[in-house]
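Beneath this line is the structure, given in C-alpha cells, with notes to follow.
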Amino acid sequence: MKKELKFKVNGQPYDIFVEPKKLLVEVLRDLVGLTGTKRGCNSSSCGACTVMLNGMAVKSCSVLALQANGAEVVTVEGLATGNKLSPLQKAFLDHGAYQCGFCTPGMLMSSTALLAENPKPTKQQMKEGIDGNICRCTGYNSIIRAVTAVVKGEYKEAK
Amino acid sequence: MIKDFEHFAPKTLKEALALLAKYGDDCKVICGGQSLLILMRQGLVAPKYMVDIKGISELNYIKDEKDGLKIGATTTHRAIEKSPVIKKKYPVLVEMETRLASIQTRNWGTIGGNICHGDPAGDPVPVLIALNATLTVAGAKGKRSMPVENFSLDYFEVDLKDGELLTEIQIPVPPPRTSTVYTKFNIIESDLATVSVAASVTLGSGDGVCQNVRIALGAAAPMAIRAKKAEKVLKGKKITEALLSEAGEVAATETEPISDIAASEEYRRELVKVLVPRMTKEALARAKKA
Amino acid sequence: MSEYSVIGKRVHNVDGTEKVTGSAKYTFDVVMPNMLYGKILRSPYPHANILKIDTRRAKRLVGVKAVVTGKDTLGRKQGIWRRFPELCDEEILCRAKVRYIGDAVAAVAAIDEDTAEEALDLIDVEYEPLPAVFDPMDAIKEGAPQIHEGVELNININRHIEWGDVDEAFEKCDHIREDKFKCSSQAHVCMETHDAVASFGHNGKLEAWTSSQSSYYIQRLYADMLDMNESDIRVHNRHTGGGFGSKFELDSAQFCAAILSQKLCRPVKIVLTREEEFTATKRRTPMYYFLKLGAKKDGTMLAKEVRVITEGGAYTAMGATALYLTGFFSSFPYKYPNYRYDGYRVYTNTATTSAMRGFGAPQSTFVGESQLDMMADDLGIDPVELRRKNGMTPNYEVPGQAFIQSCGLHQCLDKIEEHIKKQGKLPPNHGIGVSAYGFMSGGIFNWFNTPYAFSAALVRINIDGKVDVYTGACDMGQGSNTTLSMICAEELGVRLEDVRIFSGDTGICPPDLGAWGSRQTLMSGNAVKRAAAECKQQLIEFAAAKMGANIVYDLDIKDRWVHLVDRPERGVSYFDIVKETIRGKDGVAIMGRGHYTPHRKGMISPAYSFGVQAAEVEVDPETGRYKLVNVTTAHESGTVINPLGIEGQLEGAIMMAGGYGFCEDQPMDEGKILNPSIADYKLIRSLDMPETDILEIDTYEPEGPFGAKEAGEGLTNPTAGAIGNAVYKAVGVRIYDLPITPEKVLKALKEKEKQTKKAKK
Amino acid sequence: MKMEGKFTMKAPIQKVWDFLLAPGTLASCIPGAEKMEAIDDKTWEGTVKQKVGPITVKLGFTQTLTEVDPPKHVKAVGRGAAAGGAGTFSQETIVDLTEIAGGEVEVAYSSNVSMVGRLATFGERIMRAKINKIGGQFTQNLQEKLKSELGQ
C-alpha cells in the first residue's frame, strides 16, 4: 500500500505517494525526475547515489524513501545556483576531478557535505570524506586536489 | 528486487513493541537499514511488515551518567563518532567508528542496528566487549539485560526473541589507569575486518602489574568473542614481551575462524597471534600514561 | 610548446560542466515514451545442455509483455574476430547449451524492472548439467570436457612469435633463469554497468542508445546478428560511464533489448545489475606464464622464451587479441635479439576473458619486470642499469614485427633513477621497486574485417565560424572528445570554445573503430586533423586571393587570425574569411573530410609510448600487510595535448593497476565467481590510494597528430610489477602470482625464515 | 564446499551398514530437516529449514542412494531448491566403511555441497560460513546417531 511522502528536494516541496519498498534513489530518479543521482552497485558500496539528507551525506540506495519523510534532500542538481557553479563544482572542473562522470554527483555530494560540516578538513579527513565513493577513472588524487583548492579559498569569489 | 511490505513508523518504543508483538515472525525491524536493505535488495529477506524504528527519538541519545555511558539503540554511528563526551572519556569508540564503513553509512546506520545484525566482523561489538558493556532489550514482557558478549549467538544470530528490541547499550565507567584500544586488519581501509582485536588493560597502582585485561576478537569465530584464556595469561602479572606473545598464541587457540575470500583460516589465526600482543601492548602503554 | 595556441593547455573536458552538474545524460538515464524494461535469465550452471525452456508462467504474469529465448533469435554466433568465422562462437542467447555461470538463456520485457525480475523466477529451464572444467591447465588435458564442439583439447587459438635463433642464443648465455608466474583475473568495474535502450520502429529499423566504446562495432555486430543492413541501425553513444575494454563487443543487454524490441516495436531498456556486470560480462585474462631469460655476465640480454596458457572462459571475444599482445609485449621494452613466444588460449567453463585496459600487457609487464629484477639480483647489476643496458631506443626495429620511431625510455630511466636517489636511505621495511613498460598507440590488425578506414572524421565550419566535428570516436570518460576538439581547434587556428563535437552516433558520424587499444589520440586525432586541414586549406585559398598576398608567402590561421606566416601582423579575421568563403562557395558550409589507416608501420601499431614507474611500499613483516606509499611515474607520450587529461589517465591507471597488483581478484569455486559485488570485490579507495608523482618526458612522435601518441592503457602496465619488486626490496620475498596479498607475503616470509634457519643448521 | 573426515567405532561392520542404509538415516542427519518421507527404498523427500540470521531458507529436497556396495560403500546424492527461487543446491555424500583390527570399523565420509542461484551469489560470506557449519553438524549428527544406535 502506498504511503504519503512529504519532503523537499533542492528546496522544492514534494507531496507524493510511494510504495514502502521504494528506495530514496528510486524516488529521486523515477518520480522526482532528477537523474543526476546515479546507482552503481547493489550493495551500498560505490557511493554514486550519495545525496545530502538533512545536511548529511547518505547513500540514497540504502535509505527507504519513506524514511526521508519531512526531510530536506539536496542532490547534485541542487548545487549550482542558476548558471553559477558551486566552488566545488568549479574546482572539480579545473582539477580534472572527474572523467567518465558517473561517480561525480556522488563525489560532489560527499565533498559538499564534508565541507559543510568541517570547512577546514585535513588531507586525511578529505580522504575519509570521499572514501565511501568509488571512482574507477581518476585515482582520487585530483578530487583531493580540487577539495583542497576550495578549502584554501581559491574559489571564494565564486560564492 | 525488494518485495513490497507494509511500513509502520512508530514514534514510541511502546508502539513499536506492540507492532512487533502483533506481527511476530512476519515482520522485521529496520532502523538505519544499512545491512538489512542490502539483503532485501538481493531478495534474501522479504518481510511482510516492516517496523521502522528510525523515528523513535526516545531511543536516540548519548548520556554520560555517574555509572557510565548510556547509548540509545537508534543513535547513529556518526553521532557517537562526533560526541565530545565520548571523545573525551571513551576515545576508543571514536577510533572504532571512524573505521566503520563510510561516512554515508555512519550517518544513517545505527549502533543498535549494527549489533543486532550480528555480523562477526562488525566493529562495535569487540570494542563493547572490551569495555565490559551491557545491553538492554525490551519486549512485551519487560526488559532484560546481559553482557554484550552473551548477545551474539552464532553467525548473524543474536539473542533477541520474537517481539524484542535492543534499546540501550551501557558502558561502565572504566577503572582508573585503564585504556582500551581497537584495531582491525583489512586490506582496504574501510572494509570489513579480516580480523579485529579490542583490548582493554587496567594497571595496578604504581607497580605496573596488569590488574585486569579484556581482550575481544572480531571475525575470528562465528561471533565476536572474548579471548578469556589469553586474558588469564596476562591478568595479575607484570607484562613482558614473552607473556604478550604467549597471550597471542593462546588467543589463536580460542578462535574458530573460517576460510573465505578475504583470508584463510590459518592466516586469521596468524593475525590474532600478532595483533593480540600488539594491541595489548598499545593499551598498556596508554594505560601507563592515563 | 609555445608554437601551439590550444595544444598543451590544461583545459577541463568539453563535457565537464554537464558532468559536474548532474545534467550529463547516460544511457542509464534514458527514458522514452512507451518504454519497457528488460531483464535477463542466466544459467546457474557452468556447463549444461538446455533441455527445455517453459516461459508460459512468466508470460502470464501481469505486466510482462514478452519473453524471448534463443529460439527467437536467428541462431547466429557472433564474435569480434569476424575475419575468422570459427572464432565467432557466442550466441548471446543460448539455444542448446550454456558454457558458464551467467550465460544468457532468456529475456523478459515488462512494464517495470521489478515485474521483469519477478518474471525471471517464473521461467522454467530444464538443464542437463555436463561435466565442466575451470582451469586451463585441466581443460587442455586429454579427456577434459569439450566446451565447443570440434575444438580439440579446448584450444581456442594459439599464437607464435619468433625472431633470431633462440636456442643457439641460450647456449651463449652466462646465466639463464626459468620462472613461472600466474596472473589473476580482474573486473573492469565501470561505474555505469552495461546498458542499452533498443527501439525498433514499425519500419523495421533499429535505433539504440548504449554505453559503449565503439558505436560502429555495435552497429556492425547488430547487423550480423539480426541480419540487417548496417544503415538500418543507428547506434548512439551518450555519455559513457567508463569502459576500460569492456564495452566494445556486443553484450547481452544490447542484444536482448534489441530482440525484445523487435518483437514488440517498443523501446526496451536493459541495465545489467552489478552482479551481472561481475559475472556475465567479460574480464581480464588470467594467464599462466613460463619464462626463460638468458643474459651475459655484463647484463646483455641475449634471449627470451615465453610460453603462456590463458584462461579463455567460454568464448573467444577479444581474448585472441590479448593472447597476441601479451606475447608481443613480453619483449617490451627491451631489445631482445632472440625471442620466441608460444601462447595458447584455452576454453574453460568460466566467464569469458577478453580485453581490459592494457590488453595482455599488464600481465606480461608484471612477469617480465619481476623476472628482470631477479636477473639483476643474480648478476649483481642495479635493476635500473640492467634496464638501461637493454632498453629500446628511438628508431629501433623489433625484428619483423614493429618499428619504433619515438622512444623516451632512457630519459625515463634517468628520471626515475634520480627520483630513487633523492629518497636516500629508506626506513626499515620500505622498498622501492621499478618497472619499465611500453604500449601501442592503436592496433594495426583488422580481424574485425572492416572495409572502412580505421578512423574518419568530418569537420564543418558554419557561417558564424563555429566548427562542428563529427567522429565515430567514442568518449567513455577518457576525454577523447576534448582531445579531438583541441586537435581540431589547433589545426584550424580557432579557440577550443569554437569547436563542438558530435561523436559516436553512427547516424551522423563517419565510422571509426572506437576507443580501444589506445587508438583515439593518434588515429582519430590524425583523422580529425586531416579533416580540419582540409577546411583550413579552403579558407587559406580564399584568404590568399582576397589579401592579394605575394605568392612567396605562406598563410596560416592562429587564434582566429588568418595571416602571413612570416608577417603575422598582416592578416584578416577568421570569422570574416569564413563568411566570405561560404558566400564564395555558393552558400555551402565549409567541410573537410579526414581519415587515417596506418600503412607500412609493421604488424602491431604505428607508434609506441614508454615509461618507467617506481613504487614505494611499506611492509609490516609480522602480518605481510603492506601500504602503497608512493608511485612515481616517468613517462612519455609524445606531444601532450591536454596535460590535465594525461594526469587523470595516469593517476587513474595507478588506481586500477595498483589494484591489480594489490587487491583485485575474482576467486572462483566451480566456475562461480565468489565476489560479484563491490562489497566483496576489493577496489582501491581514496584512503588506500598512494601519493602519485608524474615526471613528464618530452618526445615527439612523427606519426601522431602534432607529435602525440597514446597515454591511456600503457600506464596500466607497470604498477603490479613495480609493487612486486618493491615488496622484494623491502622484505626480500618474491610473489609469483597476482594479486600480491598480505597473506601471500606473510607465507613467503615464513617460508624464507624456515629456509634461513635450515641454512644456518 | 567439501567436508571430509573419519572416525572409528567398535561394532560389526554389517550392523553399521544396516543402520546407515535404514530409511532416512542419512537424510535425517541433515540439520534442520523437518519432514522426511520415503518414496522408495532408495529415495527420500523432505524439507529443510535453516535460519541464517535475518535470512530464512526453506529447501525442498530429494535424496537418492546412487551407489550401494554392501557393506562397504554408499553414495547419496541430494538435490533441492529453495522456496521463492532463491537458489538450488546439490549435495553428494560418500560413506566408506572399512574393517580394521580389533573388531573396529572405520567410517570415512566426505560430503560436497554446492549451491547455485541467488543465495549462492549474494550471500557468499554468510552462506559459506553457515554451510561449513551445517556440514560439520551433519557429520556430527551422523557420528552421534551411529554411536547411540550401536550403543557406544
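Each chain gets a letter, A, B, C and D, in the order it is written, and its residues are counted from 1.
In this text, contacts are C-beta pairs under 8 Å (C-beta built on N, C-alpha and C of every residue); 3 or more make two chains touch, one makes a residue touch a chain.
Here the structure is a predicted model, which is why all the values come from computation and not from measurement.
Enquirer: What are the mutual neighbours of subunit B and subunit C in this structure?
Expert: Intersection of subunit B and subunit C contact lists gives A, D.
Enquirer: Measuring between Cα centroids, which chain is at the maximum distance from subunit C?
Expert: Relative to subunit C, the chain whose C-alpha centre sits farthest away is D.
Enquirer: Name the two chains that are joined by the greatest number of C-beta pairs in contact.
Expert: After tallying contacts for each pair, the winner is A-C.
Enquirer: Between subunit B and subunit D, tell me the centre distance in angstrom, where each centre is the average of that chain's C-alpha atoms.
Expert: Averaging C-alpha atoms per chain gives centres 35 Å apart.
Enquirer: Would you kindly tell me how far, in whole Å, the mean C-alpha position of subunit D lies from that of subunit C?
Expert: Centre-to-centre distance between subunit C and subunit D: 48 Å.
Enquirer: Counting in whole Å, what is the centre-to-centre distance of subunit A and subunit B, each centre being its mean C-alpha position?
Expert: Centres of subunit A and subunit B (C-alpha means) sit 29 Å apart.
Enquirer: Give me the residue numbers in subunit B that touch at least two other chains, ranges are fine.
Expert: 38, 42, 189-190, 261
Enquirer: Residue numbers in subunit D touching 2 or more other chains?
Expert: 84, 122, 124-125 - these are the residues of subunit D that touch more than one other chain.
Enquirer: Two-or-more-chain contact residues of subunit A, please, as numbers and ranges.
Expert: Counting only residues that touch two or more other chains, subunit A contributes 42-44, 128, 131, 133.
Enquirer: Show me, using the given definition of touch, all chain pairs that touch one another.
Expert: A-B, A-C, B-C, B-D, C-D
Enquirer: Tell me, which parts of subunit C touch subunit D in their complex?
Expert: Residue positions touching the partner: 44-45, 101, 121, 275, 279, 669-670, 672, 674-677, 680.
Enquirer: Of all residues in subunit B, which touch subunit C in the complex?
Expert: 1, 38, 185, 187-191, 261, 263-264, 267, 270-271, 274-275, 278
Enquirer: Which of the residues in subunit C end up touching subunit B in this complex?
Expert: By the definition above, subunit C touches subunit B via 113-114, 117-118, 622-623, 625, 662-663, 667, 674-675, 679-680, 682-685, 687-688, 741-743, 746-747.
Enquirer: Of all residues in subunit D, which touch subunit C in the complex?
Expert: 1, 84-85, 87-88, 114, 116-117, 120-122, 124-125
Enquirer: Per the contact definition, I'd like the list of subunit C residues that touch subunit A in the complex.
Expert: Of all residues in subunit C, those touching subunit A are 12-13, 15-26, 28-29, 188-193, 239-242, 244, 273-275, 476-479, 644-645, 647-648, 650-656, 677-680, 683, 685-687, 689, 691-692.
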